[in-house]
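After this come two complexes, each holding subunit A, first together with subunit B and then together with subunit C.
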Partner chain A sequence: MSLVSIEFIGFVIISLLLYYMIPKKYQWIMLLVSSISFYLIGGTTAILYLIFTTLTTYFAGRLLGKCNKEDKKYADIIKKKKRLIVLVTALLNFGILFFLKYWNPVADMINNTLQVEKISRLELILPLGLSFYIFQSIGYIIDVYRNKYDPERNVFKYTLFTSFFPQMVQGPISRFDSLGNELFSEHKFSWDNLKDGIQLLMLGYFKKLVIADRAAVVVNAAIGNYTEQSGSVLLVAMILYCIQLYCDFSGGIDVTRAVAKMFGITLVDNFKRPIFSTSLTDFWRRWHISLGSWMKDYLFFPMSMSKPFVKFGKFVRKHIPGKAGKILPVSMVTFIVYFVIGIWHGGSLKYIAFGFWNGILITTALLLEPFFIKVKQKLNITDKNKLFYIFQIVRTSIIVLIGRYITRAPRLLAVFDMARITFTNFNLSNVFDGTMMNFGITVTDYIVIIVGTMIMLIMEAIDEYGVGTKKILEKKKVIIQWILLMISILTITVFGICRGNYIASEFIYKQF
Partner chain B sequence: MEKLIDILKDLRPDIDIECQSLVDDGILDSFDIVTLVGELVDTFSIEIGVEDIIPENFNSVDAIMALINSKA
Partner chain C sequence: MTSKKWCIMFFASVILVVIMYAMFNVLVDPFGVFGDKIFDWYSYNMTNNPRVAKTAYLDKHYNEYDSYIIGCSSTSSFPTEDLNKYFDAKFYNLIMYGADMLDVEKTSEYIIDNYNVKNLILNVYITNGYKYDEEEDNLTRNLHAKVGGENPISFYGRYAFLDMQYSLAKIKSKREDTYLTKPSDVFDVSSGAYDKKVRDVEPIGNLEKYLEAYPVFKNYPQESIELTAIDKTTESINKIKQKCDENGINLIVVASPVYEKYLEYFPKDDVKEFYTKLAQVTPFWDFTTSIVSREPRYFYDETHFRNAVGTMMIGKIAGSDDVYIPEDFGTYVTLENVSEHVETLWTIENEEEYTKQVPIIMCHNIVENPTEDSEISPERFEEQIKRLSDEGYIAVLMQDLVDYVEKGKELPEKPICITFDDGYLSNYEIAYPILKKYNMKATIFVIGSTVGCQTNYKNTEHPITPHFTIEQAKEMVESGIISIQSHTYDMHQWAPYEDAEQPRENILKFENETEIEYMDALKKDISKIKEVVEQSGDELIAVAYPSGKSETLTNVVLNANDIKATLTIEKENNTIIKGLPQSLYCLNRFNMYEALTADEMIKLIEGD
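Here is the complex of A and B:
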């Protein structure tokens, strides 16, 4: 069931009515029933994977909990046992994820390289939300391993944690200590929660249906046929793709958080206005925050603090004096983390290249930081310099745009082709001579995209530099808030792309 | 304590040693923390595990000192 469908809205309304009508102590059961129903509507086989992950991580959590309470006299044996539990559970679950997600892309890669079909493709269907709930569950068992909290004893409550329906499509990847409390506590109906939820829902639908799906029409048509475009058209299509991707993903997360909010549940945010990032590192702190935070806590820190890396760090610090010696080992781990984030997106070579692109740039920036500081001092530039700040934002946007060329190209080699066309056959006049009208949308649609993006950027700027749009809205009279809400519903109904020749497309991050 | 302040100033010359929310305010990021841990391990001959990497242990000079003392 798509998050942008009428069926979904109907499903949420029915669930909400039942949720607030039944005694509060049973609310979590209602959420579980809704979540399982939501999953079953999407297909019956996929739920077996969800059950597998839920049960393996539930029992692993219980075993780890028991180990945490065992006599400290046997600390070494207990630690080994705990590590084994985490290792086996992680291997089983990531094994499934790798198999379903990477078997066919890797088979294609090998067969294409060898020009013979050495490995057969399989009829595999990626279950809804697989990578999101696996990451979430593995995070849970690592937290229990670290004795951060006690494991959940009730298997049904734990199932709700892994299957909570709003975040099944594209995350965010939540933590048990925050989401668990939200899911299992009793929630009174609140008009404020409902109003906040509907406002966020409308913002999400605005981003997705008014901007992203409209931009998608141009992006698919232009890049699908990239060899026939000039550089300027490709560049415009790629900028539209950046807008589409942001509106699609952050819009989807808005819908997810909005629905949760209506149930009285606050989910972690996944975005912090990435358009205002001043560096690529800053961008990754603001984009898909829950994945970055997962990688930091469960990959970056454990790797950096592992014995081999600590030993390596000591060795490097001893032999390479100065700042470089201090940061080289951590830079290497940083590179690995960004490389993993790259391949998290998919099994094709272009995602490996995307991982390299991010990893190399961020690692180089870290290693060259002392040099950049000296240059800035010589040029008398401080971080408070506004022009420098704007330069940083523009520079980061260009770096991100190049990264998007890598992920949006049909395949890795096409990236070089697209870059070549952009630089060698720019032909700016093509943007204005009617070529852009050949991609399935009209001038009005382009105006809607531009105006919609401007509205969104103004709202983000107010959130970034001002008091925040929500606070401004809250100061208005309730009646005005509801009128504005009605206007936004009307805008989405009129300008939303689920009409005429267009069909609302699936969320891009659903495939990840 | 002085050794620790020297290490912190070397890592982040702009650091305010009175600050009580070094991690929460984003003054020390994950990269700084791992670099700092490497320095602490060398300087104070202690072992710091991944389970010690929580914001509360790095939010202030006093908190970091308490962590060092607990490992000594």
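Here is the complex of A and C:
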């Protein structure tokens, strides 16, 4: 069920009504029923994977919990046992994830390289929310391993944690200690929550339906046929792709959080206005935050603290003097993390390249930091310098844009082609000579995209630097609030429904 | 504002938007189910879904009709004027594109139950044998709730909460609407048929050019289709038949022509079974195959024949003898002859000729010592006429071509048309005697406003080459040698001599002129030239375009004003086709000039 469908809204309304009508102590059961129904509506076989992950991590959690309670005398044995449990559970689940997600792409890659069908493709379905619930439950296992909290004893409650329906489509990846309590506790109906939910929902639909879906039409048409485009058109299409990606992803998260909010549940935010990032590291702290923090907590830190790495660090410091020696081990781990993030995006060489691109830039930046500081001092630039701040934002945007070239290219090698076209055959006039009209949307649609994006950016700027859009709006007179509300509803209805994909009824007459 | 108040405001606003949304669709009404009060544009609504919009239209206008013809898209090619003429009735064409027999059955039942019906013509197409009830799009292909029996709430609800782009498209199309048929409004509201005013003036002649323009007939695709719905379809027809009998309605069932190669799609036994079972239900007129099926120029595509063929069919059914009907066209199939008839469907034996190559030559002024391309000396002219006569050419008039096309009246073996433009005095003084001498007929296209101008260009000081008078014209017409026709009354002005800011040098629409203004101007001009032609004792049937230029709208207006032939100055031959009036539009002409010897002329006109 798509987050933007009428069916989804109907589903949410019915679930909400039931949720607040039944006795509060059964509310979590209602949520579980909704979640399982939601999953089953999407397809029946996929739920087996969800059950598998849920059960393996549930029992692993229980076992780890027992271990945590055992006598400290046998600490060494217990530690080994616990590690084994985590290892086996993680391998099983990531194994499934890798198999389902990467078998066919890898098979294609190998077959294409060898020009023979060495590995056959499999008819695999990718279960809804697969990587989200696996990451979420592995995080849970590791937390229990670290004895951060006790494992959940009730398998149904735990199932609700892995299957909570709003976050099945696009995440975010939540933590048990924050989400669990919210899910299982009793919630009184609150107008505040409903209002916040509706507002967030409208924002999400605005981003997704009005902006992203329109931009997508151009992006698919232009980049799907990138060899035919001139550089300027390609660049515009790529900028539209960045807009599309952000609006679609963050809009989806807005809808997810909005729905959760209406149930009285607060989900972590996944985006923090990434357009205002001042560096690539900053960008990754603002973009897909829950994935980044998962990586930090469950990959970056454990790896940095692991014995081999500590040893390696000592070795490096001994042999490479100065700051570089200190930074190098950290850079190595950073590099590996971004490499994994790259692969997480999909099973294609281009995503590995994407990981490299981020890894290389961030490690280089780390290594060159002392040099940059010196340059800044010489040029008399402080961090308060506004021009420098703008420069940082622009620079980061360009770096991100280049990264998007890598992920959006049809194949890895196409990236170079696209880059070549962008630089060698720029031909700016093509943006204005009607070429852009051949991509399936009209001038009105372009205006909608531009105005929509500007409105979104203004709101984000107010949130970033000011008191917040919401606060400002709430202070306005009722009539003004109502007018703005009507405009918003109309905009979403009219521009959301009338997207670029409308096919006029077929006029048969032309045939004779 | 409290959150509670805000939420209530939100829900109220949503309800308001929903109501506004529905109101918008109801008012614009792109399918015409809510009365289309604002636009009253049923040709558009019918294009979106003829089933729904026609029911809505007829519910308001059924008093204007007493007979109906019903069926899938080919039904549109039965001109209602012809039906009205022969049946002395007021027909409405209930063509519903893509109609299956269930649509036809339900709609027939509805009109019989609710309207006054004298005649019902049922057009059964061979495709009705393989689809009885298609899974249909429920906006553009479904029946009206009143006809199909759907729950009205779901029916009207669906059109009220329609994707509003249908409504926006209607508004947009309205802004771009023109007099000419556009893909968005293809129906003629009052007759119910497709508006064919453009198709009916589409010039057709040479076969190769036609195949070029209609590539579907070249490399005809091969397919195989089994007729799996014969029983259901004939059962459906039976129900209609019963209902007509009960209500004393004259039911005529017609099986329409198919393009020959299309028939090969269907297994022979299936077709035989279909027609046999049909004959068991009702006698019917079968036009499926004949010499017409062989000729792509009678078709738009493999299943859609032109209105000209519809005229032939109606003529045949009504037993008319003033339209061309091929020998083997149409059989009245009954239980007695069906078994014999179905065997003959795959053999077309008729070899009759129905096309003719007619060269047309064009002259202007005849002068001693010609200096221009449009001038020719008396000697050269006589040489050419003599040569034509010697070669066995028989000169014919425009009316002869019209009779050939409309009535199938034969032309001489080697016909030729001799034509003069403008109406110079030399035509009367020099050409007329020579033509008489060789007994060669000719048509002179006069410019009405300059008839009789001897010295001055119209009422100006400017000099003019002398033009013959109306009396002289009359004398020539009376002789039977000459026909006077139109080169427009005053749409071939000589710009340097005109005071008007924008002189009309030809018959085309000015760019800054509206369609209405242009059509008015053209109609006025036609009525004036008609008067001149009638003064000469002739009847206006042909127009030679000034400078040979024309556009679609010109032809549409000319056709609507009974102009049967039009002539250009393209130097090519002509093929005219029996039963196909369009073949007389935009006829080509070879210019005769001084340097052209008689030998060269013969070579020119005998080429393709």
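By definition in this document, the second predicted complex is superposed on the first by the 482 of 512 C-alpha atoms of A that agree within 3 Å, B and C clash if a C-alpha of one lies under 4 Å from a C-alpha of the other, contacts with A are read in each partner's own complex, and residues count from 1 in each chain.
The rule is simple: contacts are C-beta pairs under 8 Å (C-beta built on N, C-alpha and C of every residue); 3 or more make two chains touch, one makes a residue touch a chain.
On a predicted model such as this, the values are computed, not experimentally measured, just so you know.
> Kindly classify A:A46 by the partners it touches after superposition: subunit B alone (first), subunit C alone (second), both, or neither?
A:A46: touches no partner chain.
> Of subunit B and subunit C, which one contacts the greater number of residues in subunit A?
Counting residues of subunit A touched by each partner, the higher count goes to C.
> Go through the superposed model and pick first if A:I393 touches only subunit B, second if only subunit C, both, or neither.
Neither subunit B nor subunit C is touched by A:I393.
> In the superposed arrangement, does A:V494 touch subunit B (first), subunit C (second), both or neither?
The second partner, subunit C, only.
> Once the shared chain is lined up, is A:L457 touching subunit B (first), subunit C (second), both, or neither of them?
Once the two structures are laid over each other on A, A:L457 reaches no partner at all.
> Once chain A of both complexes is superposed, is A:V333 in touch with subunit B (first), subunit C (second), both, or neither?
The answer is first: A:V333 touches subunit B but not subunit C.
> Between subunit B (first) and subunit C (second), which does A:W482 come into contact with in this model arrangement: first, second, both, or neither?
After superposing on A, A:W482 lies in contact with subunit C but is clear of subunit B.
> Between subunit B (first) and subunit C (second), which, if any, makes contact with A:I343: first, second, both or neither?
neither
> Where on subunit B does subunit A make contact in their complex?
Against subunit A, the touching part of subunit B is residues 11, 30-31, 34-35, 37-39, 41-42, 48-51, 53.
> Under the definition above, what is the set of subunit A residues touching subunit B in their complex?
146-147, 296, 300-302, 304-305, 310, 313-314, 317, 326-327, 329-330, 333-334, 366
> In the complex formed with subunit C, which residues of subunit A make contact?
190-192, 194-195, 198, 474, 478, 481-482, 485-486, 489-490, 493-494, 497-498, 502, 504-512
> Please give the residue numbers of subunit C that touch subunit A in the complex, ascending.
On the subunit C side, the touching residues are 1-4, 6-7, 9-10, 13-14, 16-17, 20-21, 47-49, 73, 97-98, 139-140, 163-166, 168-169, 181, 183-184, 186, 194, 300-301, 304.
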